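Next come two complexes, and both contain chain A; in the first it sits with chain B, in the second with chain C.
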Partner chain A sequence: MKFHFLILVPIILLFCAQMQAQTVYATRTHRVTVIVSTITLVQVSSGVVNMTISGADAVAGQDLMTLTNQSTNLLWGINSSLKKITVNTSLAAPQFTLKLLAGSSTQGTAAPQVTLSTVPADFLLNIGRSSGNCILQYTAEALASQGTGTDPHTITFTVQNQ
Partner chain B sequence: MKQIISILARHTASFIILSILNSATLLSQYSASNQVVTLEVLELNKVIVSKQLLALESPLYYQSSSEGPVVSAQTRLVWTSNGEWRKISVASKQASRSCIVHISLQEMNGDTNTRHQLELTDASTHDFIQGLSKSAGSCGVRFSVIMRDPDGEPAHFHSVVYTVTSS
Partner chain C sequence: MRPLTRTLALTILLLSVGGISGAYSQLTILGGNINMTVTTGVAGGEPIAVTNATISLRYRLQNRITKITVRTSCPGQRFNLAVVATSVPQGTAAPQVTLTNGMLAVDLIVSIPRRPPNTNQTATLLYTASSTFAQGNSAELGNDVHTITYTLLDQ
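Now for the complex of A and B:
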């Protein structure tokens, strides 16, 4: 009996002390609302790409000269579903042919190689709710019969509903 | 009643603020990105020959003392030029006086004005194919040698140089 008393007394004392520490004097609440808006971001790793077809890109006897450039990337972050990226150029009448392909895409499905024109063409499909990147693989084609010249393109990548 | 109105007012204010913030967020987003791609095509001129080494060997070389055509060999000249009004000239370095080298064009592919035959008797440069303009083409080049001095040097080396220049 004496032994039980010796155990119970410290437990009761501890319990009382804890009760005193947890005494609530006042409460206030506030509501935190997190709203995630529709986020649609698309960005290129570099705003400028220069391509020059010179003698090194030509083969004697061949009319066609080609040059590829894959020095830049396209990056995106999208939190809504069923989205695609289209591409178009501002240059209405280019002298030479410029093609584009999405290479090594981390998300989505790359469309077949696009010959750039002012009409938006599918570039990358099925990229809803993802962030990722792909390589911009440009291929320039010039014929000897087209002579020399410069084509200044402004390429626009746009996220659209699929 | 006052408490209800106060709560409603507070909620309405929160809703308006959140709506404004949401709209601002949407406006600040961009769903398009631009990249300037400049494609420049410089003037390029390429010319090659299919055979780097042509051997013209004459069985009559040591037997005949008379001047006449000895032997011929053929190579193919191939070019591409995206320039306007270009020509291909030809010259022979180390031309020998003891023989005359004739060059003639055969099987011309491409729209050009050409000299169909010329002689390489010295190191001077001759217009060979003219009127190249934004084109790719090819032709056969036939070499024939006329010996002037059968008792002269047993072998002659010609280094024939084709050059694309402006007309």
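Now for the complex of A and C:
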């Protein structure tokens, strides 16, 4: 009798504990794979910028006339590391000078002001794995002695490895 | 041990493990494994999240009020994944759960009533995968492979 008691008591206690415990009825697993593609985006806020140097920009006795424009922004989103943005113009032989600087950049490091040419030049550095924007600060320069004319630039911004 | 005692002991033992028996039909993931790919984004913003609602969770009502929990294992997790149960026929969907490697089990569907009916119930699993530009990409960092575990248990 004593032997039976010793056997039964732990079993009954185990059963009672089972009744009180939070029963798990089933467990299932599956696999979800998250893939993030390489995403490289660069965009200008407006397609056209017109800059007209007029008499208002001239200073009597001074040959150089300048005009600035900060009406547009450059936006980007890049999820790769070690990237920069370069800039170049399509106009091989401009009559006047057009310069560009990245202003108030939210990410990265602005390169020094660039005189635009057909050769890509650094515009914004250290923008890998970031999203941000900057002001496109254009400066047009003309000499009074150059006379009148129009320079139609198509400006290209390119994300490149740094 | 007398035959009566032995029979009684065996009966109690079988009852005590009763929660395990029959478990294989109580919860089923319908749809298998899936891939979710973030492919585009917004300049000046963030990559656009992607969703997947092709997976369903089939569960059976029990003799007690139950719930379903979720957790994940994803060593070296880099990106974001969340899940919420939608179109829940029995029980209440919990708010969207962010799936993080090593997390404790979090409620997905709660207050699943007792049976009857003793029939299968099917809810949809809505997964949302997202990332930020700062989190990088799979080509440089690899994919996130989540092993996601759903558990049906007493509430």
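We take it that the second predicted complex is superposed on the first by the 132 of 162 C-alpha atoms of A that agree within 3 Å, B and C clash if a C-alpha of one lies under 4 Å from a C-alpha of the other, contacts with A are read in each partner's own complex, and residues count from 1 in each chain.
The working rule: a contact is a pair of C-beta atoms (placed from the backbone, for glycine too) under 8 Å apart; a residue touches a chain by one contact, two chains touch by 3 or more.
Quantities reported herein were computed from a predicted structural model and do not represent experimental measurements.
**Q** Have a look at where A:S131 lands relative to chain B and chain C in the superposition and call it first, second, both or neither.
**A** So A:S131 only meets chain C here.
**Q** Have a look at where A:T148 lands relative to chain B and chain C in the superposition and call it first, second, both or neither.
**A** First partner only.
**Q** Counting only touches as set out at the top, which of chain B and chain C does A:A26 meet: first, second, both, neither?
**A** Touch partner of A:A26: chain C, not chain B.
**Q** Touching A:Q43 in the superposition: chain B (first), chain C (second), both, neither?
**A** It touches chain B and chain C both.
**Q** Considering only touches as defined above, state whether A:T72 meets chain B (first), chain C (second), both or neither.
**A** A:T72 sits against chain B, while chain C stays out of touch.
**Q** Quick check on the superposed pair: does A:N161 touch chain B, chain C, both, or neither? Answer first, second, both or neither.
**A** Neither partner.
**Q** Between chain B and chain C, pick out the one touching the greater number of residues of chain A.
**A** Counting residues of chain A touched by each partner, the higher count goes to B.
**Q** Touching A:I35, do we find chain B (first), chain C (second), both, or neither?
**A** Both partners, chain B and chain C.
**Q** After the superposition on A, what does A:G61 contact: first (chain B), second (chain C), both or neither?
**A** first
**Q** Find the residues of chain A that appear in the contact set with chain B and again in the contact set with chain C.
**A** On chain A, the residues that contact chain B in one structure and chain C in the other are 33, 35, 37-39, 41-43.
**Q** Enumerate the contact residues on chain C facing chain A in the complex.
**A** 1-2, 5, 8-9, 12-13, 15-17, 19, 23-29, 31-47, 55, 59-60, 62, 64, 66, 78-81, 127, 129, 131-140, 143-154
**Q** Which bits of chain A are touching chain C when the two form their complex?
**A** Residues 3-4, 7-8, 11-12, 14-15, 18, 22-39, 41-43, 75-81, 129-133 of chain A touch chain C in their complex.
**Q** Along chain A, where are the residues that touch chain B in the complex?
**A** 33, 35, 37-44, 46-55, 57-63, 65, 72, 74, 89, 94-96, 98, 136, 138, 140, 142-159
**Q** Report the residues of chain B in contact with chain A in the complex, numbered from low to high.
**A** Of all residues in chain B, those touching chain A are 14, 18, 21-22, 25-26, 29-48, 78-84, 134-138.
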